[in-house]
Structures are given as structure tokens and as C-alpha cells.
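Just so it is clear, A, B, C and D label the chains in written order, and each chain counts residues from 1 on its own.
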């Protein structure tokens, strides 16, 4: 039933089989001992994570902990000084961003980075086209995703006219339009109201089922994290502090000290 | 989809087509109106001016294909005009003219080839040159890319002005058959408009425009930016080549120094004054600046407006044009069109339904379906 | 909104523009219309202006004498704005204004588009001083003429003056490789010089826009030390690039006589090189009242009275252009292009003001013309002598590719 | 050996001219992301200001005949005035426009200034001789070094030192550097944009005036387009050096100048007319190997 729905939402891509995109349950995304140095300083220091398809995996940590740098290193925007990134058993370390995108790794940005002078629908289409789809297929996929997000009525609006919350929604839609194997969401809830957060949480929770992918979620908002994630990985100052289920993380003393201690204001659940 | 739906679609097809190609259709018709008006007036001098403006339009559209879609400024496109112009001269000069000055290989020296195939061949040569130089340059971004294209122009200009056997060096190459009139120039403008528009709507154009808006997001979306730029660069060079070809067959003479900074600036100015991010802007820029130049030229020569002869001092044209360009940019920094195309004036008529299923889906209990499944473990 | 408005205005203007152009006059039977498609603005104006003044003097004078074939001469003009595309439009403009003959810019590159328009209208066009043989049958077409000798001839004439008249034997060539004219005069000089048996101790090149020719001067000094001081430096350049080179050469303490083409006519530029001496240039005649031809001196006296001190000898050619049309038309007894063309093709040492002029059916440039050599001593210009190509070359030899052999020394 | 020293001095002198021009362009780029193509025309105006405005062929020196200190002061003043007028009338209203619009505006301005000069002075070469004695040669055995080359190199070094002191030591200079780094933040910190930009234009006017005087005393001839080749190579130099870095602009200027001279000397004579093919080729090569120029500037690179 779920598979059928997924297939309906995400029409089979030409050549999808050969690229092995979207949907194998045993698919994994792993980072081994990833380290990123900026002018001698380690922004990320020996972090290893492993997540699989169908999972919502949380990555949290105080500001400047190295979360975004880790995501950059995993998505080809930053070459790791050391360590490996492995996607479905294939070593993809050092591949460029667009090559990783084509292999099924999608991401959003903290600053959203929409294609501002283009309509909403084309934002999604461009991402679909980027993974090799034809224009017609891309349009179909894009409008289905917008429909799923209940955003089809604004498909023809220019992206730079959207309110902030909607921008973030389109940003996620754009990443999903790539029919990714894993989607990395970088603080999707930043600046959203509580109501918007709840809606977002619902969407994120659905993603693995509807799109047959894994989700890596970076978030400050504990409510979103605890509500949506199956597992959570905590880093601070570039190093791993803890990993576990939301329940375990909530009571982990190291996390409380490292994270809640410094960012208690943000971290209220 | 059932039968009635398909019939509906077939009936709607012309309207949908009109809407999809509304921009190039309207722009082509606009140019046609101008050409018809001038043709009806029988003014041969104005017809020459309009022909020159239409040739410029082909060039600016060529420039737009790359700059408009990629957002990367390029200073080197005069290279491709030059390659196209000289290419077509080698093919279409009479062997008599070639024998005096050029030392071409036998297949060129002894023959004069037909005009249209020669034009396309010459433009393809420009496209090939663009492909070769584009492979390394398209990896660059921003101002570095712009300067790199300028360096290419500098190299080719210097090389062509010393390549006496093929180009007569820096001297003007005369005797090129003259056949380009308003109608031929118009035909190429229409071809360029449709080609540019189809490209910009294609998946390649879409991907490139995405990279113009945000390089990082585009890369994350799997878009290979250098490759997409190269596609636009080559297509752009093809039409710049056609522009050079048309100019050669319009003037009857070509010279290397005419493919240097002046023409580069004029074309860029037309594009940016019109609005570099839309095809409409590109064409509007050409029309506005060419019209201003013509009016001022007439004023310099003394324009009879019925009751009085208006005139301005000689040389005022250049000053006024420059001043007006600055003023337009001050008031419309995004160009006259501000990056928008010709708007579709008929509301929802002919609206392109991208996926009929999607509209239904929005009202579908789809999400409820998902939620239910979530609920069921 | 503004965008659409502006577009509409532009469209309206373009549609309305034909109305403004409707005042196209046709020549009536009592006049001869000569169209000047030349530069009235931009840098070319400085080269087109003086010949134009000469032409106006001729028109005035001939009209007083009854015009051509009893018809008054009327000048119509259109500005090329020193631009090639505008040049073609200017050509068409004077045609539309009823011109029967066309005078085009005093430069092959700048005049070619208008001359091409004239040629495709089967109308005779004459450039007052283009020195490229392509301004003729083999280039623009059978209706195009130029009232000058060819670049190589100019160089050869200077070689004759330097070798035969002055007895110099060692030469150095400095070429500004930015335009063909420069290459032509250097080539002509070199061929003639070698024919005489003169020695060339070196050839070097620079570009018009180079900020400095320091390294070329360094090389000159090295070669002079190696192969002996040259007695003559032939500088193939024009405009600012030439002036700047001469200044730098003299400043480097090189006092060798310097020669140049007709682009260095006049002495208005010598201010750039304080106390400049021993500079020689090709010219159409001396403007300082010491030309051996009294009619030239008399012409410049009249010119002086009308327009002030002449800058160059180019007004002579402007005058001669109108003279050529008059002579040929009156011989043909008609203003018909082909009839006049036939007569012009028969010009054999035709005594025009700038000098005897020869054309044939396939050479529309005077290959035998003897130019005047002028000199600048202590900043002041004066007549120095004469220099013409000894033997006019076969036509094909005017067009060869000569870049390579120029550097073989 | 003497030839080598000779060529080195030639290259340094030419490089100095490019470096000073590039510095003027780089300074403006730093504060407002404008590549000011009209900078070359400021240099040209400095030259034309030396002579009496007239379209007569023979130029009559006016300011050019004044004693050196008065002449330098007057030319610097006039060029600065033009630079400030350009800023006020054309660039200030466009400050928020994107760089390509600014660039086109500077083209338009350049076109305007050139045609203004053609209209007033005519298009013919104007001869003007200032400081001919500077072209005399320093009497060192074997080597032929004109005083002008020493002066050019000396003035360049002097101006560089002064500029560095200005940027590092004075409040205005510090504000300017802050503005180059990040204008919006600098504004929040109280930097007054109008003043900083105006001062930057004034300094670039000063640099243009100096280049103008050095250049004119070298070539002795004025044309309305004389600034174009200088600004073109300086423009290339700022990019090769690293956009936004003043050190880079200077370095780029020297690289381009030295490359020109070295190629002029090293190429076989028959290939010398093709010299610029190699100069541009070299520039292309540098850009391909170091897309952000020889000196990388952090603030220019965008962060994810």
C-alpha cells in the first residue's frame, strides 16, 4: 500500500534502476571519522554517523558545533580533511556536490537559497531536472510534490514573493523533487511559528514513507527533533557527544551538560 | 484520461501553444509591425537602419542566451561574431576577390558556396570555437569568467589581425556579397527568438537559470553548472556567429577591429538597459537604444517636424545616448523590463495544466490516506 | 508598467520615424549632386574634414566657372560618425538624397562600407586619400576609386628619397603592427631598399596602443652596437602611437633621421617632441608655401584666407576629387556613371591639383604617383624633396601576403 | 647582462603604470563592487586638462606650461573633481544595483567622457610635452635608464606606502577597509557610506591623475581613447591579482606589465605582433589555475 502510494507520487525515473535511486530499504548513508579543518582548527573532528533508509535521523548540537560543516562535508560542499563518506556502500568522499545530488543525496540550506527569480514550481522542476529528468516528467513530479505539501495553489508565484515559512517549505519540496535516497534538512524550522512547526513536523515524519528515503535533520527546535526523529546524534565543538533514541538523549547527562547547559533558551522542548 | 478529456486537450492545443510561445510570438509580431511600417514608407535609408538594428537584435539575443540565463557576464562574445563573419566570407566571397588577397586552401579559394548553408556553417564554426574555449572557461564564475572571455577575445582579435593569409590582417575585407535586407534580418530575429525561448524553457535552460539564482542550491540539486553553462555558451555563440554573418552580408565588408570593445559595449548596454534576465528585455533594449540613436541622428542632420527644423549639434548623439542610458539604469536598475517576459493577457485561458492529476490530488484525501497508514502500525 | 510604456513609445517612434525621413530630394536636371558620406564627428572627422574643405573650395570655384557640363554642383552630406555600420547608412543616405557621385572617407577601412553601397548602386565613389588598392576594382568593385598612391608605393618613395637623394645606406625598420597601412609602407620601403642594395640592420614591431617602446629601443641599441649605427629609421605607424614612439626614440638619445608615411603629414604634432629635427614624411604637397608647384602654394594661400592655417596637405586631394569628376564628366559629355567611369579609367598623367594621376580599367589607385617628401627641422615643417615608386609593380604584387618576408631580416 | 637589467627596469616601469591604474580600479571595487571602466577616461582627462580646450590641430599647452608643483596640483584637482562628479551623478544613485549594471554604467560614462572630449578637442592626436628632461637617460655605463622610469617606479612605491599608511593608520582608512570587508556590517557600525565612497573616488582620482602625468610625459601625445588600453590591462590585472585585494591589484599590475615586456623581448620578431595572444593566454592560464586570483580575498567568496 505504502509502496504503491510512493510510486504514484514519484513516477519511475528513466534509468532509475541503473542509478538505484530511492527506495531500497537496506540503503545507507554513512560518515566515517569525518574531520574538517579550517586553517588548522577542527570544525568537525572525527565524527561518524550511520543512517538507513526510512529513518529520520536527528543531528543536534549548540551553535557552532559543526553540524552544517558536517552536512557540507557529506554533500560535497566541503572536502573533508580526513574520513570517508559512504553512500549505499559506495565511497563518495570528495565527489562534487552535483555528482552527489545525482546519486541521490539532497539537502536544504539554513539560508533556504531558493531560486528567487523563478516561480515556485520551477524551483522544484529545476531540482528534478538536475537529477536527469526530462522537462515533462519534472513538471509532473514537481506538481505532485506541491500537491502533497498542499502548496499547489502557489505553484506559479515567484519565489521571492513568498513569506518566510513558505520559503522553507519550498526549500524542502525542492530537495524532495530530486527523488533523493537521503535528504539532509538544515534547520528547516528556524524562524517558524509553533503552528508552522507542527505542520512541518508532520511533513517530515511522512517523508521517509512517501518518498522512500532517509532524512537527516539538523534542528535547534527540540520539539521538532523529539517529535520527528527516530535516532539522534549530538555533537559539540565538532566532536560526538552521544547518540541514541529521543528518550535516551533527553536523559543523557553529557547532552544536558553540553547542550542544554549552553543553549538552554533554545532547547526548551 | 478518458476520451472526452483527450478531445478537450486537442481542442485546447492551439491555445496552449499560443500561451506557451506567447513571448516569442508577440515579440516577433512586434518586429514584423516595425518592418512592415518601414517597408510601407519606402524609405531606403530607414530600412537600412532597421536592418542594422535587427542584426543587432540577433546578436543581443545571442548574448542573452548566455548572460541572461547564466547570470555570468561575458565580454568575449564579439569573438564568435568575428569567427562567424570571417567564416562566411571564406565561403561566399567570389573566387576573383579571394585570388587577390587571400591564400585559402583549394576548396575555399576556388568556390563560392550558397548563402544559407554557408551562414549556418560559419555559425557552427563559431559554436565549435565556443565549445573548445568554453570547456575550461565555464568552470570559472563571476568576474573571473567575464575576464576569461575577454582574454579569449583579446587572443582571437590579435590573432586574426595578424593572420594575413586568411583575414587580410587588420585591413577591411571587402567584396562580400550583400543580400541581407530587413526581411532576412527579421527572419533570423524570429529564429533566434524562438530558439532562445525554447532553450530557456527546456530542462537545460531551467537548470542554468537555477544556477544563476543560486549556485550552491543548484549544485545541491544535482545541476552540473559548468556543463549547463557550456550548453548555453555554445548556443549563444551560434547566434553571435549568425549576427556576424548577417553583418558581413549587410555591409559587404568586415574588419577585425569592428569586433572589439565598441560592439561588445553596445550589445551589453542594449541587453542590460532592456533587462538582462528576460528575452523580452533583450529585444526591448535593442529597440529602445536603436530608436534613440536613429532619432538623435535625424536630429543631428536636422529633423523636419512640420513647423520647424529641429537640430542638435553634431556629436550630441553619443553624449545623449550615454546620458540616457545612465538615466534609464538609475530609474530601472533591473532594466526596462525588470526581468519579466511579455505577460499573458487572457487570464486563465489556455493555462498549462502541468499534471491534471495534481490538481485533483490537492483536493484528494491523499494526506489523510498517508495519515491513516501512519496510524496503522 | 514603465517597461511596457517605454516599449510602446519606442515602437511608436520607429513607426513615426519614416515621416521625418520623407524629405528626400532628387537631383533635378540643372545640377550635379555630389554626396559626401564622410565623418563629421568622431576621430575620423580630423582626416575627413580638411579634404572636405578642399572639395568645397573646388565646388565653389567650378560653380563660378559654370559648374560641370553647365550644371551647378551641389554637395549633400551624411555623417558616418566614424563607424562602419553608420558608414553604410550614410552611403545609402546620400544616394537617397539624389547623389550622382559619392565621396567617401579618407581611409580604406572607414570608407569601405559607403563605397560598397555606391558600388552596388553603380555609382562612382572616390576616397580622397585611402592608400589601399582594395579601394578599387579588386576590393570594393569597379566603381570605387581612391585619390592616393598605394601604401607600398609610399614606402618605396621614401626609400628612394633616403637612398638616392640623401645617400643613406643602413636602415632600421620599426613597425606598428596594428593596422595594414603600417605593414604596407614598411613592406614597400623594404623591397625598394633591398633593390637599391641598402642594408637593413633590423626590424622590430610594437603596437599602436603600447604604453612604452622601451624594449624596442633597447633592441635598437643592441643592433646598432652590433651592426653599426643606422643612418635612417623608417617608422611605420600613425597617430598617437607614432608621436609617442618618436618622443621616446629621441629621448633615448637616438638622433637618426626618422621617416614616416603620409599619416605624419604636417607639423602640428611636433610639439610632442621639443626641438624635433630630421623627421621626414610623405605628403601630397608642402603647406608652408615652399612647394615647387606654384599652383599648390596658390591653393594654400586661398585655403588660408578661407579656413585659416592648413594642418595637412590633404585639402589638395579634396579639391582634386571634384576636379577628377569634372574632367571625366566633361570628357564623357554625360553624368552617366558608366560613361564617366570609362573616362576616369583612361586618366593618364591627368594633371590634377595634387599631381598627375593615372588610372586604368583595373587599377583605381595611382600606382605611379610621386609624393612630396616634407621634413621637420627644429619643430618646423618644410619641403624636402620628392619620392615615388620607381617601377609600379604588377597588380598582383600589391596584394601578396608580405608579413613573413618583412621579418626575414 | 646589461640588457637584462635594462629589460627588468622597462618591465618594472610599465608594471608600475598598470599597478597604479589597477589600484585605482581595485579601490573602488573594494568599497562598492564597481569595476570602474571610466577610470581610464579620468586618466585621459588628466592629459587633456594640460592643454587649451580647442579643436585646432596644434595643441597649446595651458596648465601644461605651469611650473611643476602648480601643474601637478591643478591636474590632481581637476581629475579628482571629475572622479567625484562621476560618483555623485552616476554611481551614487545606483549603489544598490547589481555589479553588471554598475559596470555598464561605467561603460556609458566612459563613452560620454570620450565623446565629450572629441566634441571639444576634436579627434586628432594632440601633442603635449611635459617634463621632456625626464626622458633623458641616467648616465650609468651600458644601461639606458631614463629618469622617468626611476620616477615612475619611485612614485608608485611612494604612493603605495602612503596608501597603506592611510588605510592602516587613519580613521577614514580603517573605515574604508571595514567597508571593503563587509559594507552592510560596516554601516551598522557607523561607517558613513557616502563619505567613505566619496573618499575612495577621490583617491582613485588622485591615482588617475598621477598615472596621467607619468603616462603623458612618456608618450607626449593625447587621444580621446588613450585610457582604454591602460584600463583594460589594469582591469585584467585586478582580476588576476584577486578582486577586492589592493595587494592583489598591485601584484596583478606588475604581472601583466612584466609579462608584456618579457614576451616582447622573448618572442621571435616575426611573432611579436602576436604578442598579445600570449599575454591574454597567460592571463587565461592564471585564471584557470587560480580562479580567485593570486591573492584570495575572503569577503569576496561566498559561504554556504
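Remarks
The rule is short, and it goes like this: a residue touches a chain if its C-beta (ideal position, glycine included) is under 8 Å from a C-beta of that chain, and two chains touch if they have at least 3 such contacts.
These numbers come from a predicted model, not from an experiment.
Listing every chain that touches chain A and chain D alike gives B. Judged by contacting C-beta pairs, the busier of the interfaces B-D and B-C is B-C. Of all the chains, the one whose CA centre sits at the greatest distance from that of chain A is C.
Chain nearest the geometric middle of the protein is B, using mean C-alpha positions. Mean C-alpha positions place chain B and chain D at a centre distance of 33 Å. In this assembly, the C-alpha centroid of chain C lies 35 Å from the C-alpha centroid of chain D.
With centres defined as mean CA coordinates, chain B is found 39 Å away from chain A. In chain A, the residues that reach two or more other chains under the touch definition are 77, 109. Each of the following residues of chain D touches two or more other chains: 118-119, 228, 273, 275-276, 304.
Across the assembly, chain C contributes 41-42, 177, 403 as residues in contact with two or more other chains.
Every residue of chain B that touches chain C in the complex is listed here, in rising order: 30, 33-34, 37-38, 41, 43-46, 48-50, 52, 96-97, 100-101, 103, 161-162, 164-165, 168-172, 174-175, 178, 247, 250-253, 255, 257-258, 275, 281, 284, 287-288, 291, 294-295, 297-298, 300-301, 303-305, 314-315, 317-318, 331-332, 336-338, 340. Of all residues in chain C, only 41-46, 82, 175, 177, 203-207, 209-212, 214-219, 221-222, 239-240, 243-244, 247-248, 250-253, 266, 268-274, 311-312, 403-404, 407 touch chain D in the complex they form. By the touch criterion stated above, chain D contacts chain B in their complex at residues 35, 89-90, 93-94, 96-101, 103-105, 107-109, 111-112, 115-116, 118-119, 228, 232, 235-236, 239-240, 243, 273-277, 279-281, 283-284, 287-288, 291-293, 302, 304. On the side of chain D, the complex with chain C involves touching residues 3, 6-7, 10, 13-14, 17, 57-59, 61, 118-119, 122-125, 127-129, 132, 135-137, 144, 146, 149, 215, 218-226, 228-230, 260-261, 264-265, 269-270, 272-273, 275-276. Per the touch definition, chain C reaches chain B in the complex via residues 2-3, 6-7, 10-11, 13-15, 17-24, 40-42, 78-79, 81, 84-86, 88-89, 92-93, 95-96, 108-109, 112-113, 116-117, 120, 132, 134, 138-141, 177-180, 183, 396, 399, 401-403.
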